[in-house]
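In what follows, subunit A forms one complex with subunit B and a second complex with subunit C.
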Partner chain A sequence: MAVETVRKPYVRQRSAWWWTKNPRYVLFQFRELSSVFVVLYAFLVLWQLWALRGGSDAYYAFLVMWYSRPMMALNAVILAFAILHSVTWFALTAKVPLFRIKGRPPPAALVIGASLAIWVALSLLIVKLLYGGF
Partner chain B sequence: MAAAEVDRVTPMFWGLFSAGGFVVAFLLPVFIFMNSLAYGLHVVPWEKVEYGGALRWIRGDPATALLGSTLGWLGGWLPKLFLVLIIGGGLFHGLHRFKYVLYDVGLHRAKKVLDPILYGIAAAGTVAAVVLAFSFP
Partner chain C sequence: MADRGTKMIKLRISRYRPERSGEPFDQEFTIPYRDDMVVLDALNYIKDHIDPTLTYRWSCRMGICGSCGANVDGTPKLTCALYLRDLKKRPVLIEPLANFAVLKDLVVDIEPFMEKLEAAKPYIIRKDERPIERGEYRQTPEELELYRQQSLCINCMLCYSACPVYGHDEKFLGPAASALALRYELDSRDQGSEERLAAVATEHGIWQCTFVGECSVVCPKHVDPAGAIQQLKALAATRLMKAMLLPLAPR
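Showing the complex of A and B:
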């Protein structure tokens, strides 16, 4: 237990909407919010695998729900947040110099550009390798 | 408090957060598109998403065909490994980040309860992903 103190510190009041005051804070909150959608999607895929294990009838019932309009809309929102995560993740990893060029950390633009290029290439590779193309 | 007492747990979860962050950033968008939207947008045919198509996908048929006879055995592993990486990485990354969102709104006092619950969910989900994914042929 902490020792009781007699001091009465001043606690500044802060609105729950403080982050709407500045676009940078809005982006920060949306980036943090992306975690909720990533977790949600992980559970949706577990549900999908469960349905697939349940046999063809269970999986068809799942697909009817999966390709319904509300679910398509939710999945589009999840994709938007996933892309926001990717882009902001590349931007923040660019701030951590993993290597140096002539003793200097690589410029952020180079790291972000390289990450985006790898991202696109890897995505195309996955479409080709795991899905056999479109 | 003894000086030798080093916190080895917190850095481990930050490590999982970071690894998961890379996995989610590079692999998740293309998976969401192919798994959730491609059929609805008429990019892939019904045969690829219906029951038989889904079973062929998780069995790794496209990868096996593409990799040929020498690396074909890898084909059956790739989709399952991919699923485990996305689900496990997503859960450890997402729930760690979500933990700090909850701290920010005032739940930092509930750290002792919150941490085991969130990391417990991440661990249970990852185990479920391994068991489910590898239960398919």
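Showing the complex of A and C:
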């Protein structure tokens, strides 16, 4: 016997503002957004190389622009996003137990702490190589 | 029933009645409540005393069958494991799990989820199938411990409801199915790693995950599906590297 069905699955539309409903979604969106700023920085470096190629006058003009207030502000924003991206990325490392201590994955805090420490140490080393002293 | 002095609580429940309304609508109920009531108790009260047509799923009322999930105040929860006293907002908003089509009131279509589970090949695959007479494949407690966490999943789908990537694209394999794949990857009796990884390490498989991490936050069984996906990514990536660097080595 054919049974009449009233099955009508209703598909809800997701609001464009879904990510504002939960602070963790907001953080995620900012992390995704950080990639835009990282790409932007890559373009700034290319621009710098381009200016260098144009001779000393062109490079001097570039440096004047580079140290202007708006440029410094932009760089500060880029730095903030780069740090957000790196820190959240390192928080991820603990999720992948690549080795085991006495049959157990190492504690998350240890893995995250160690990765962050290595990251900071390497960054400082690069700063030292570039600018010397300390 | 509602004597004087009884505490009352107001709930706003999303209703959808395919045979009548075209769109879901909200309906408010005010019911007496005690501090020891969970959200599911409130739904049962309404069904028993106010509106028998209210439709929702539940079975065990002890956090093990995984059928009573709903979005409560916007967060996916097991309604049998959530005390009303712990909810701050009034009215309490109860909606069907997000990211799934609604069939009726709080009941969603779980078919897409079942397909994902199947796609993860959630069974032991053997290359050398032993004859029955030789008995079971044995395992030490340590070997069991390796995949115990992922084996605790109760298929409640809260993680899919919390996942914005799945909300954006329902082709995504999603959290629980990935965790299930890892559960068999880590099982010492399994020999189907290559086959299973090939099935899940795809564009709409684990690689679509952008690590929002909310699945692991809402999971009532601490399965940590977000962690499972990252482990699968690491497994798939190292497998690929080995294949490229050591083409002749056994895998």
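Convention: the second predicted complex is superposed on the first by the 121 of 134 C-alpha atoms of A that agree within 3 Å, B and C clash if a C-alpha of one lies under 4 Å from a C-alpha of the other, contacts with A are read in each partner's own complex, and residues count from 1 in each chain.
Going forward, a contact is a pair of C-beta atoms (placed from the backbone, for glycine too) under 8 Å apart; a residue touches a chain by one contact, two chains touch by 3 or more.
Keep in mind that what you see is a predicted model, and the values were worked out from it rather than measured.
In the superposition on chain A, contact is made by A:Glu32 with both subunit B and subunit C.
In the superposed pair of complexes, A:Ala76 makes contact with subunit B only, with no contact to subunit C.
When the shared chain is aligned, subunit B comes close enough to touch A:Lys128, but subunit C does not.
When the two complexes are overlaid on their common chain A, residue A:Pro97 makes contact with subunit C while staying clear of subunit B.
Touch criterion met: A:Trp66 reaches subunit B, while subunit C stays clear of it. In the superposition on chain A, the residues of subunit A contacted by subunit B and by subunit C overlap at 32. Across the complex, subunit A meets subunit B through its residues 16, 32-33, 35-36, 38-39, 41-43, 45-46, 48-50, 52-53, 56, 59-60, 63, 66-67, 71-72, 75-76, 78-79, 82-83, 85-86, 89-90, 93, 115, 118-119, 122-123, 126-132, 134. Against subunit A, the residues of subunit B that register as touching in their complex are 21-22, 24-40, 43-44, 48-51, 54-55, 57-58, 60-63, 65-66, 78-79, 82-83, 86-87, 90-91, 93-98, 100-101, 105, 125, 128-129, 132-133, 135-136.
Those residues of subunit C lying in contact with subunit A across their complex are 16, 18-19, 23-24, 74-75, 98, 101-103, 109, 142, 145, 164, 167-168, 210-214, 217, 224, 226-227, 230-231, 233-234. Taken in their complex, subunit A has these residues touching subunit C: 6-12, 14, 18-19, 21-22, 24-25, 28, 32, 92, 95-98, 103.
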